[in-house]
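Here the chain labels run A, B and C in written order, and each chain numbers its own residues starting at 1.
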């Protein structure tokens, strides 16, 4: 079969362009954040991320002159460079916030008390005075300059290794894995059996149970928190990994059963009937036939559940607690954002750190995901 | 002994550097016992009386990030003196977390919260242990303006009788206006001494085509709270403190003309497009942590910023208080004769799960050293008279401490004292609506309605 | 014990227990209690048939009951009692109070808007993307990229979109792409998230952005499942590509479209993180789940908060009914 695109070449072009447009639209926001995570706070707040790759001309925030003074021909002198990088080119400068572009580069200007300040276009400055600068407040320089594109890994350094609050991201990483893996595997196992029963076994109340599963899909999580934590405390589980796993299992089951049942119902009827005729028990049919056949669906749910438990914040905070050595990755990053909320560079970087693993998992397993979803909903 | 080495500082940003300090603090103490002007005797005496080896103490507080690093430096000394194992935890949503934990029956030993209104809720449900008359007497005697601190920490218990439940520790001064001294010099502005002058300066700056104020109310789920500080500050400047107290307890309704006047005083600044950076429309969406950046922009996007004493934490990296930025007391009206009112906030520690270690921790807060260790670093003010004011970590802190001492009236943040539904709910959202264009009458009426619903 | 070791151990115990339960109980059934041999073979098989489904279902029903159904019942009870947990019975007072609040009606109105726009837009975009990427060489890459937002947490997504909607005053360089684009077109920078009612749509965009990938993958699969003969026949009849798509393909995958629509609707009903992180329901953007969160954790009003939750549950009932009917039809 030829699709609608294959027939006419001008339509093919239209399709390519529309897809490119769609992908760009979907990718744009994420790319913006990715680029921002490699920029300094100053760059982020001074220019859009899309201009990060070109040289920037603009007014830099005030730079205070600093350096060690030395004596030269009876004058006290401080010199140095205003900028950290060599490629920055100064086009105008000033010492007053009211006239930040008062002077050309390579000019010398007299300030108060006989101080003389000169700034070159390279950013080299020389401040001299007849008396010592000891105890004086040195002047600020407002520079209008062209800065080359510059990227930094400092944000990642800060987020990953700046252990602002005790244990680092590494520990949090481990904690998240400890939460995620069992919280992914247990519900799959439980749901697979239930889904098989709901799909292929005859018993009274089946339709009602299926409806109940759908109804439970919408229970708002926030409601369940206190009654369940109360329960955990009463039966002695308290706060800990076991509690989180159980909670994630409970919360993940409806979707798991829903997806898996949909898939299993679509399996060829004759295979199962034949096996029954041959005298296989339901347990054997399930483990020997249905389970292997359902692998794509199981894998697809595994990805969903993994993404969900990895990205979860609320359940982990409530059932695992907020102790430093138990914080999961999302909780640690949110804490970081809490104290640094206005700072995009930290926000962007933490957001990226938190989505790396889900993205890797997704890209690695998307083959199964697509296959599973495909089979699960198409009958 | 500290691990704060210069090369480390230079290589990593200040965040990382602070973090390294925190890492060091956990392992060891930032100030060597016996050195400096600290009251080490108090630590020694405390340690001799309390041996808690093998016991654990869990503390849940509001401080995260850099602040968490600081509180942990203090806890290190408690640990050292008693041998107890201390675990401190916090959360971005700490208000919800503490409610969930207490309701579900797994509270920490000690909880520390900045909202007396929320503590009252917890106390009335019977989740908090009273601290006893002895501690109340101690506060009266040892804290400056002790009686007001006792009343701040006293709540109605489940049986309806009032008692001291929470111990005030660490306070913030809110009536501050931050500015860049050199920008003032460049433009020839003077620091205003009265509210009349402040308003005149605001108008003057606007007339010169510049923007006088940076105001940002954005704070994620708590958006709006910086405006409540403004209104409270203005309330103390147009009405006597008694009216403020009546307002806090809803003896006068929220839509009383006196309250509406205070809201409109705030509106005078915030609802004038020429007075705020980005115009009124930007006020509610600008993040409060990002808002002060305008002071340091070139050319300056604004000249003044009203905020509490903690805000320098959010100034651009490398900003040195006292040189690059400074603050002045938010002045009072000369014509109103209401003295020098100061608005403040603070955190209170209380026992949610009783144990020897929890009691010992409250005793620890009574030692000067528990205050001095934090004072000598940053972001900590205390009314404790025996804590040596010379130890304040910077001239800035000392100056803030002086504002506190010069106050003729000190009042605690009203929104923290009001019931959660109002003080952490409709008051916030109401202020956002107000800045968004609604009238003070409408907004105050809606807030009063939510208060009624809460009764 | 090291947490990693502990984790491995607990995984083994937990999974072992789980597998053990299924294996042993079934062995017990087949070998000891109701062996499919001997004198009572017929009765045994019948009995095993009767009980076995419950053997399979027990862990799931137990977990569902404890972790979801029990909270629902508890919530229903709370919605009838005073604001404190364990407060006095007050009948429908909480519902009455809620119905009087303007914020509640705002939330209902917005939720309805969300329920219409988000599933429709996600499904439409998903269908479009699925159809377009189906036959091109780099279709799989395009699909992956469109699906990527699914892997991003709501918190992360909110950060990403806050940057998109960022606002800087006139005269400063915009760092939010929307404003940059707007200014480039000649407009004045806008504080997008405060402009009612459009801010609602800007929030919806975030969820549409996330959910489109999901819709695309499922619908794409369904499109491939269409028998080729039907399409070929249409081509022979001279139908143009648009006619083929709308008249031949779409009707054939209608049931899948319904599944996708339903699933996204369920997500929308629970949507809360995006609103909380981006506007906290200010500027007329409140939604039910955030309203509930507000009541529960800001106002500590368990009564009204639970009542709001019951309303969310109520909104799902049409889907529920539809599913019961469907399941009955399947049972034949």
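FYI, a residue touches a chain if its C-beta (ideal position, glycine included) is under 8 Å from a C-beta of that chain, and two chains touch if they have at least 3 such contacts.
Since the model is a prediction, treat every value here as computed from it, not as a measurement.
Counted as hops between touching chains, the shortest connection from chain A to chain C is 1. Of all chains, B has its CA centroid at the greatest distance from the CA centroid of chain A.
When C-beta pairs in contact are tallied for every pair of chains, the largest tally goes to A-C. Each chain gets one centre point, the mean of its Cα atoms, and the points for chain A and chain C are 21 Å apart. With centres set at the average Cα position, the gap from chain B to chain C is 40 Å. One simple way to say how far apart two chains are is to compare their mean CA positions; for chain A and chain B this gives 31 Å. Shown for chain B are the residues in touch with two or more other chains, namely 93, 103, 220. Annotation for chain C: residues 85, 297 touch two or more other chains. Among the residues of chain A, those touching two or more other chains are numbered 45, 226, 334, 337. Those residues of chain B that touch chain C in the complex are listed here as 93, 95-96, 99, 103, 121, 125, 220-224, 277-279, 281-282, 284-286, 301, 419-421, 424-425, 429, 432-433, 436, 453-454.
Across the complex, chain B meets chain A through its residues 12-13, 15-16, 18-20, 22-23, 26, 58, 60, 64-69, 72, 87-93, 97, 100-101, 103-106, 180, 182-183, 186-187, 219-220, 287-291, 293, 296-300, 313-314, 316-317, 323-324. Contact residues of chain C toward chain B in the complex are 84-85, 97, 101, 167-169, 172, 191, 193-194, 276-277, 279-283, 294, 297-301. Listed in rising order, the residues of chain A touching chain C in the complex are 1-8, 11-12, 15-16, 18-19, 22-23, 26-30, 32-33, 36, 44-50, 58, 174-175, 177-178, 181-182, 185-187, 189-191, 193-194, 196-198, 201-203, 206-224, 226-228, 231, 241-242, 245-247, 249-251, 253-254, 257, 262, 265, 279, 281-283, 286, 307, 310-313, 325, 330, 333-334, 337, 344, 347-348, 351, 354-355, 358-359, 361-363, 366, 369-370, 373-375, 377-379.
Those residues of chain C that touch chain A in the complex are listed here as 3-4, 6-7, 10-11, 14-15, 18-19, 22, 26, 29-30, 36, 48-50, 52-54, 56-57, 59-61, 63-64, 66-72, 74-75, 85, 125, 128-129, 131-136, 138-139, 142-156, 159-161, 163-164, 173-177, 180, 209, 212-213, 217-218, 220-222, 224-225, 228, 231-232, 235, 241-242, 244-245, 253, 255-256, 259-260, 266, 269-270, 272, 289, 292-293, 296-297, 306, 309, 312-313, 316, 319-320, 323-324, 327-328, 330-331.
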